[in-house]
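Please see the structure below; I have some questions.
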Amino acid sequence: MSPMNIIWMIAMPFIGAAIGLLYIGISRNITARVQNRFGPPPYQNIIDIIKLYSKKTAITHGVMFHLGPVLAITGTISTLMFVPILTGNYPIYLFSFQGDLILLMYIMVFGCLAMALGAGQSGNPNSAIGVSRGLTQMFGYEVPFVIALIILMVRFDTSSVLDIIKAQDTVAHWNIFRSPFSFIAAIAAFLGMMGNKPFDIVFAPAEISSGPPSEYGGKYLALMQTNRGLFAFVKLVLYTDLFLGGAGDFITLILKTFALFLIPLFIGIVNPRFRTEQAMTFFWKWPTAIGVVGLVLVLL
Amino acid sequence: MAALLTKEKETTLYLGPQHPGITGNMMVELKLTGDTIQRAKTHVGYLHRAFEKLMEERLWMQCFPIVCRICVPEPDPNEENLARAIEEIEGREVPERAQYIRVLMLELARITAYLMWMGGQSGSMGLYTMPQWSIGDRDYILDLFEELTGGRVYHMYIWAGGVRRDLPVGFKDRVRKVMDYIESRLVDYDRLLFENAIFLKRAQGIGIIDKEKALEWGVVGPPLRGCGIAHDVRKDEPYEVYDQLDFELITHEGNDVYSRAMVRRKEIEQSIHIIRQVLDKMPSGPIHNPGPNPLKWKVPAGDAYVRTESARGEFGYYVVSDGSLKPRRVHVRGPAYVHGIALLEHLLQGANVADVSFIMNSLGTCPPEIER
Amino acid sequence: MDSKLIKEQEIKRNINNAFRSAEVTVVRRRRISVRFRAGILPAFISYLKEYMGFVHLVMISCVDWLEDNQFELVYHLWSYEEHIHAMIKIRLDRDNAQIKSLSSLWPHAETYEREIHEMFGVDFEGHPGLTDLILEDWSDLPPMRRDFDTRAFVAETFEWRKGREDAQDVRQTISARYGETIPEFKKDK
Amino acid sequence: MNTIPLILLLLFGSALLAYFVGKINFVLKVGIALAGLLVSSYFFLTLYGLSEKFIFHLAGFELTWQINSLSWFFGMLIFGLGILVAIYSTVYMRGKERVDFYCFALCTTIASMFGIVVSGDLLSFFFFWEIMTWSSFLLVIYYRYEAQTAGIKYFVMSAIGAYSMLIAILMIYARLGSFSFQALSAGWQGFSLGTQIAIIILFVMAFGVKAAMMPLHTWAPEAYAISPSSFTSLFSGVLSKMGIYGFVLLFYVFSAGKLSASFVDIHGTSLPGYILAWFGALSALIATLIAIVQDDAKKLLAYSSVGQLGYIILGLGLGSSIGVSGALFHAVNHTIFKGMLFLAVGAVFYRTGTRKFSELGGLISRMPYTFFVVLLGIITIAGIPPLSGFGSKWLIYEAIIQKKMVFLAVVTFAASTASFMYCYRLIFGIFLGQRDEKYDDVKEVPWAMRGPMLLLSLFTIYLGFYPYHLLNLIAEVEKTVLGIHPFAYGQSVLFSRFGSVDTMTVMNVVAVVFVIVFVLFSLLYKRSRKVGLKDIHTSGEIPGEEINLHYAIDFYQPFSRGVGAVLKRSADRLYMNFASNMEGLFDMMRYIYTGNGQTYVMYVIVFLAFVLAFSSWLI
Amino acid sequence: MNDDLDRQNNNIIANWARKHSLWVLAYGTGCGAIEVPPTMTSRYDAERFGITGMATPRQADVLLITGYLAIKTLKRVIRTYEQMQAPKYVIGFGSCTINGGMYWDSYNTIKRLDDYIPVDIFINGCMPRPEGVIDGFIKLQERIARGQAKGWQHYQENLDWYRANQKKVIKNWTMPDYNW
C-alpha cells in the first residue's frame, strides 16, 4: 500500500463529508430559489455541524445510544473504503481493489442498522415508529436496487465494481445508455435511499417529529449529520461508478455526482410525502417491473 | 390532565403541544397499536387567556382590541361579530359603504386564512414549497391590511357602527391588482398541490365524515360543504350586504380530506369574485354611525347572537348586556370548538399516525378559538 | 314586518302546543327565544331536534346573574331547514346548579358541558366525564363566576415588572408556601 | 474397540444412567450427562481426518457405521453445540421438573444424531433417524399440555417424513438388494427415470420435514416455540441440519452427482437441484416475511430458522462447488447464530418469564451480555459484514449469479433484506425501548448460561475474519465425499469467478475505523450525561408512570398492510389453486393441520394408502 | 467543568458557528406563532441567517416563546426548555412576555416570562412584525458572538430561584429534576 493511498484513506472521509454536506447545502439553496427566496449560504450545513460539535451538553440514554452514531459513521467510512472513487491516471481505490458489489450492498446497511439500534435505545416511540418505517421502506427499495445490480453483474459477468467501470470506457458504453432498465430501477431505489421528499417518511417531522434522531442532540447529532453528508457522497460515487462510467478526476467526479444528486432533489421539491405502505409498494410496481424487463433482456 | 385510561399495552404517543405537525398549541393523545390509532383524545387549554372574563372587566370599546386576538389566522370575523352584536342590541344602523368595506375585509381575511391553511395542509405531508409560496403570497394581502388599518395581523378596524377608516386613495386598484395576482397564482397552486398525484393518493378516502351525521355532529364550514351539504351563513342568514352580491356556494362530494381541500380551493375563486363585485358596487357615503362617548357608552340591556361565516365555518358571538358600561357576558363559538375536539377524536379512531396532522389541518382546527 | 315572521310564529305555536310552559318570544326575523324550566329540558330539546328540525346545536352558553343568585344556561339551536335560531334559556339556582346532560343528543354537547362545569361549576347529570377541559390543577373558585376576582388573583399570584405600584415580593409567599429560605438571584459578574 | 460404537455406547449409556441414577440428585444426573458428552466428544475429536468403518451383521443385514469428512463435519456441529447446550442446561433446567427425563432425551437425541451421521447404510440411517425423531418429540412435549398441539403436529409431520423414507428405502432395497450407501451410489444409474423421481421426491419429503422446508415447515414454529429453550437451540441449530445432511447425501452421495445425466439441465444445474433451489429460495422469502410479523421471540426465530435453512437448501440445490461450500458454511453459521439467539432468548425467558415482544423491552442495561450476544447474532444472521454470516451468504449469492439464475437471485436478495426487519424487531422488542417497571430488577443470567452464548459469539467473530480452517474442512468434504472440485480460497479471501472478498480486510477496516472514530469522538467530546429511561422528548408532556411509551405491538404494521396488498395481487395469479392470497394460503394450511389428532391420523392413513398404492406401481 | 465552559464561551469559532446556525424549536406557544411562518417563508426568509425550524427540543437551540404563556403551557415550556441542549437561548416574543401585555389581568397567563425561564432577548410589539423578529434574532446573534447570551448558565446557577417562581404558579409539581 503506497503512502499516497494511506493519505487518501485518511483524507477521503473528510473530503467526502465536506462534498456531501456542500451538496446538501446547495440543495437547500436550490430549494430556496424554487420557493421564491434566497436561501442560506451553501456552506450552511458545515456551520450547523460546527455548532453541533460545539454544543456544551449532550444527553445519552445508554451504551447503544452512544455507539449508534459512531457505528453508523463507521459503516459509512468502511463503505467508502471499498468504493472505487477515482479511476483515472491517479486512481483512488483505497481498499476497493476487490470492489465487490455484494459486499458494498451489505456493508451499506451496517450504518443504517447501527443508527436504528441507537435510535431504538432512546426509548422514544417516535424513534421506534421511524425505524419501523425506515426498515419497511428499505425492504421496498432494495428490491429494484438488487434487480439493477443483478442486471449489471450478469451483463458484465463480474461483481467487481472496477470491472464494471472498465467496461464503460466511452460515453456510449455508460450503463445509463447500455442498460437503461437497470438505471431506471436503480434510480428509483436511489430516491428511496436518499430519503428526499416523497420518501422522507423516516424523518417526517409533521408526523413523528423527525423520527429516529428525535432524541439525539449536540455532538451525537453532529456525528449523524456528518454521516448524512458522507453517506450521500458514498452513494453518489457508487452510482457514478455503476452507471456513469466512474470518474477520472475530481472535477468529473463532482460534475457527475452533482448531476445525479439533482434528480432526487428536483423530485423532492414539488412532491409531498408518501404514506409508509404506499412508499414500499411504489417500489414494487413500476421500478420492479422495469427491472424485470431488464432482467429478461439480459438473459436473452 | 385527565389522561385516557391506559389499556395494558397500547403505546401512547403525544402529538403536541410542542410538535411541528400540530396546528397551534394543543395536544392529541394517541393510543396506538402498530401505527393505527385506537383511541385519540384532544387536550386543549394551553392557550386559555380568559378573554370572556377579561371582557367582563373592560368597557365596551375596549373589547374590540381583545376579540380580534381570539382567532389568530383570521381575526376579522371576531370584530365583525362583536360589532354586529352590539349594533343589534342597540339597534344602530350601519352606513352602506361601511357594510361594503366590512365585506371586503372579511373576504380578504378569508383568502389569507385559506392561503395559510394551504401551507399547513401541505406542510403536514411534507410539501414545504407550498407554504413558502402561499404564505409569501398572503403577505400581499397583509400589506393591504396594513395600509388600510395599520396592522398586519390584528386590525381592530371594524367597530360598532361602521369601520374605523375610509379606504385610502388608490386602494381599490391595489386590491384589484393583488386579486389578479392571486388568481394567476392559483394555477401554480393547482399544479403543485391540488393536482399532485401523491396528494390525491393520500387525501382521498382519509378522514371521512359520515354524511348523515354531519349536521348532527355540528360540522360547519368547508368540512360540511365537503360532504356535499350546501350550507353557508352567508346564504342561510345573509349579513351585511352578502344578499346583494352574487357568489356561488361551493360543495364537493366525497366527505374526505380531498373534498374539503377542493371546497377551500374553489372558495378562494369565489372570494376573489366577491371582492371584485364589492369594489365595483361600493357606494360613497359615510363609513361610521358614531355612538356615544366610549367612556360613557352604555349598551342597553339585552342579548344577541350573531354569526359570521369564517374560513373554518360558522363563527358565533353571544353577547349579553345588562345596561352597564361593561358587557355582562360575551360567549364565543368558534368552529374549531366542535371540529377540534369531538369530531377530531372521532375521525382519528382507526386512522394512521401519518394522517393525524393531515386530518387536523383539513378540519382547520384552531386552538385559540377553542379555549379563548 | 309581520308577514316576514310567519315561520317564526308557526314554530312558536307548535312549541306552545307541545309544551305549554315554554315562553316563546320572537325576537326578530330568524331569532326566537324560549324560556323554559330546567326539569324536563332534555325532553324539550329532543322534541326540538327530532320534530322541529333544530338539528344543529350551536353552543351552550352560561351567564352568571350574581344579583339574582342564578345561572342562565342558554342553548343555541339552529334549524338548517327553516334557517331559524332558537335560544333556550334556563335559569338555575346558583348554589345548587344541576341540570341533565345533553351529551346523548349531541356528541359535542359533552365538550360544552365540560367547559361550563369547569368555568362555572354547573353540574351535569349523566355526563360521561366531567373532567378538566381547559384549566389544569385549578383549585380556586370556578373562574368565570362573577364573584371570582381575576385582578386580585393576578395580584396575588404574579409579580409585575418594576414600575407597577402593586409589586410584591413573590418570594415571601413562596417561602411561606413551601417552607423554604429565599434564594438569592446572582447577578452577572 | 472401534471408536464409533464406543461413542454411541457412551452417549446412550450416559442417557440411561442419567435417567436412572439421576433420580438421586440434580448434580449427579446433569453431571453424568455432561461427562458422557465431554468424553464422547473427546473421542470424536480423535477421529478427525480419519475415515474409519465399523461393519457388523445384524439379523442378516450388513450394517455399516463409518466416519468420513462429511460425517465429521456434521458431527462437529452436533458435539459443539451439544456440549454448550448441556452446559447451558445445567443452570437453565435447575429447579424444573423431570430433569432426568430431559437429560435422557437430550443425550439420546445427540447420540442418535451422531448415529445418523456415521451411518453407512440406509437401515441404520433410518433406525437412528427414528430414535432422533422420538427423542426430540419427547422434548417437544416437555411442557405436557401446552405442547400438545405442537407435539402432534411435529409427530405427524415426522411420521410422514419417516414413512416416505421407509418406502424409498424399501424401493431401493427391492432393486439393489443392499442397504449400503456405496451400493446405492453405484446402482443409481441403473434406476429408471420414474424410480429416480419417486426416490427423490420421497427422500426430499423425509428430509424436507426435518429441514423445515417451506411447505413442510408447519410443525417448526410451534415445536420450536414450546420446547425448552436450551433444547430449541439444539433443535434448530443441529437437528434441522440432519435434514440438510440428508439432502447432501441424496444429491451428492446417493445419486453421486449423476442427476444431470438423467434430467435436463437448467442454467448448468440439474432439474431436481434447480427445483430444490427454488424451494429453498421461496422458503427463505416467505418464512422471512412471516417472521417479520411474529410477536413471540421464539416463533420469530423459528420462522427465521426456516428461512435460513432455505438458503442452505438453495445452496445445495445449485450444485456448484461455491454453492455447496456456501451452503455448508451457512450450515455452520446457522448452527452458531441460531444457537446464540435461542440461548439468548432462553436467557431472557429464564429471567423474565415471557418471550413476547409486547411485554418485554429495555433490558439492555439489565442484561448487557445477552444483549451483546443478540447483537452479534442479528448482525451475522442478517449477513452484514464483518461477521461470519456475510461470508456464507456471499458464497451463495455468487453461486446464484454465476449460474445466471437472476430471478432466484432477486428472491434471495429480497429475503435477505427482509431479514433486517425481523432482526431489528428481535433486538428492539427485547432489549431496546422502554422497560416495564416489573423488570427493573432483572439480573444478568449466571455464567454457565452466559458462557456458551459468548463462546458462540466468539466463533462468529472468528469465522467472520478467518474462515480458512472451516473452508479447508469443507473443501475436504467436497473432495473426498461429494466429488466436487472445491473453489479457490485463500487465507481469508474468498474467490469466485466474479470477484473476491477479503474477510480479513473487511474486518480490519471496520474495526480500525470504529476504534479511530470511537476514540476521537470520546476523547474530544467526553461530556454527555446519562438520563433516565422516561426522560424522553414527549412533545412537552410529562407522562405518568402508568403510561406505556414502548412501541412494540404490531411493530411492522405498515409493512403488513403493504405486503398484504401486494401479495393479494400477485397471489391471484400465482396461487390461484390454493387461495386468493398468501394469508389465505396459510389459513388453508392451518385448516389442514386442524390440531385434531384424529384428523392427523386420518391424513396419515390416507397418505400411506396413497403412497403404498403408487409405490407398488413404481416397484 | 466551569473552566471548560468559560474556555468555550470565549471560543471564537464556536460562537461564530452558534451565531450563524440558530435552530428554532417548532413550538407555537401563543398567538405570535402566526408571524413565525411569514418570517420563515419566502418574503422574509429567515433561513438566510441560518435560522431553521427543528422538531424536537434535543436538537433545537432557540426557544421562541411566541406570546403569552398560559400556566398549563408554562409547565410544558419549562419541560421543553430543560430538555434542550446547552447553549440554548430563549426569545420572548411580544409584549405579553414582558409584562403581561394585553392580558395583564388574566388569571391564566403569566406576566413576566423571565421569572420562570431565562430570556436572552425580548421582542416587543403586539404582535411584532417579521422585521422585528428578524431584528431580534440579529440582536441575539450579536450577543452570542460576544459570548453574552448566557441565559442558560444563569438558569443553572439560580435554579432554586427559578424553581421557586415556577412552583408558585404550577400547583401540581410533577416535573422531573433538571440534570444539566
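Observations, loosely collected:
When the chains are written out, they are named A, B, C, D and E in that same order, and each has its own residue count from 1.
By our rule, contacts are C-beta pairs under 8 Å (C-beta built on N, C-alpha and C of every residue); 3 or more make two chains touch, one makes a residue touch a chain.
The structure presented is a predicted model; accordingly, all values stated were derived computationally and were not measured.
Path length between subunit A and subunit E in the touching-chain graph (shortest route): 1. Of all chains in the assembly, those touching subunit B and also subunit E are A, C, D.
Relative to subunit E, the chain whose mean Cα position lies farthest away is D. Closest chain to the protein centre (all Cα atoms averaged), using per-chain Cα means: A.
Of all chains, the one whose CA centroid is most distant from that of subunit C is D. If you average the CA atoms of subunit D and of subunit E, the two centres end up 58 Å from each other. In whole angstrom, the spacing between the mean C-alpha positions of subunit A and subunit D is 34. Centre to centre, using the average C-alpha position, subunit B and subunit D are separated by 63 Å.
Subunit C and subunit D have Cα centroids lying 69 Å from one another.
Taken residue by residue, subunit A touches two or more other chains at 35-37, 56-59, 125-126, 129, 132, 205, 209, 214-215, 218, 275-276, 278, whereas all remaining positions touch fewer.
Multi-chain contact residues of subunit C (touching two or more other chains): 134-136, 143, 148, 150-151. Shared interface positions of subunit D, i.e. residues touching 2 or more other chains, are given as 527, 529, 531, 534-535, 537-541, 544, 549-551, 555-558.
Chain pairs that touch one another are A-B, A-D, A-E, B-C, B-D, B-E, C-E, D-E. Of all residues in subunit E, those touching subunit D in their complex are 1, 4, 27, 56-58, 75-77, 79-80, 83, 174-176, 179-180.
Within the complex formed with subunit C, the subunit B residues making contact are 1-2, 44-45, 48, 50, 52-54, 56-57, 88, 215-218, 231, 236-237, 303, 305, 307, 314, 316, 318, 320, 328-329, 331, 333, 337-338, 341-343, 346, 371. Taken in their complex, subunit C has these residues touching subunit B: 28, 30-31, 55-59, 61-64, 74, 76, 80, 83, 85, 87, 106-108, 110-112, 129, 131-136, 143-144, 146, 148, 150-151. Partner subunit A is touched in their complex by these residues of subunit D: 362, 364-365, 368, 371, 375, 379, 382-385, 390, 393-394, 397-398, 401, 404, 406-407, 409-410, 413-414, 417-418, 420-421, 423-424, 427-428, 432-434, 496-502, 505-506, 509-510, 513-514, 517-518, 521, 525, 527-531, 533-539, 549-551, 555-559, 561-563, 565-566.
Per the touch definition, subunit A reaches subunit B in the complex via residues 31, 34-37, 125-126, 129, 132, 197-198, 200-201, 204-209, 269-276, 278.
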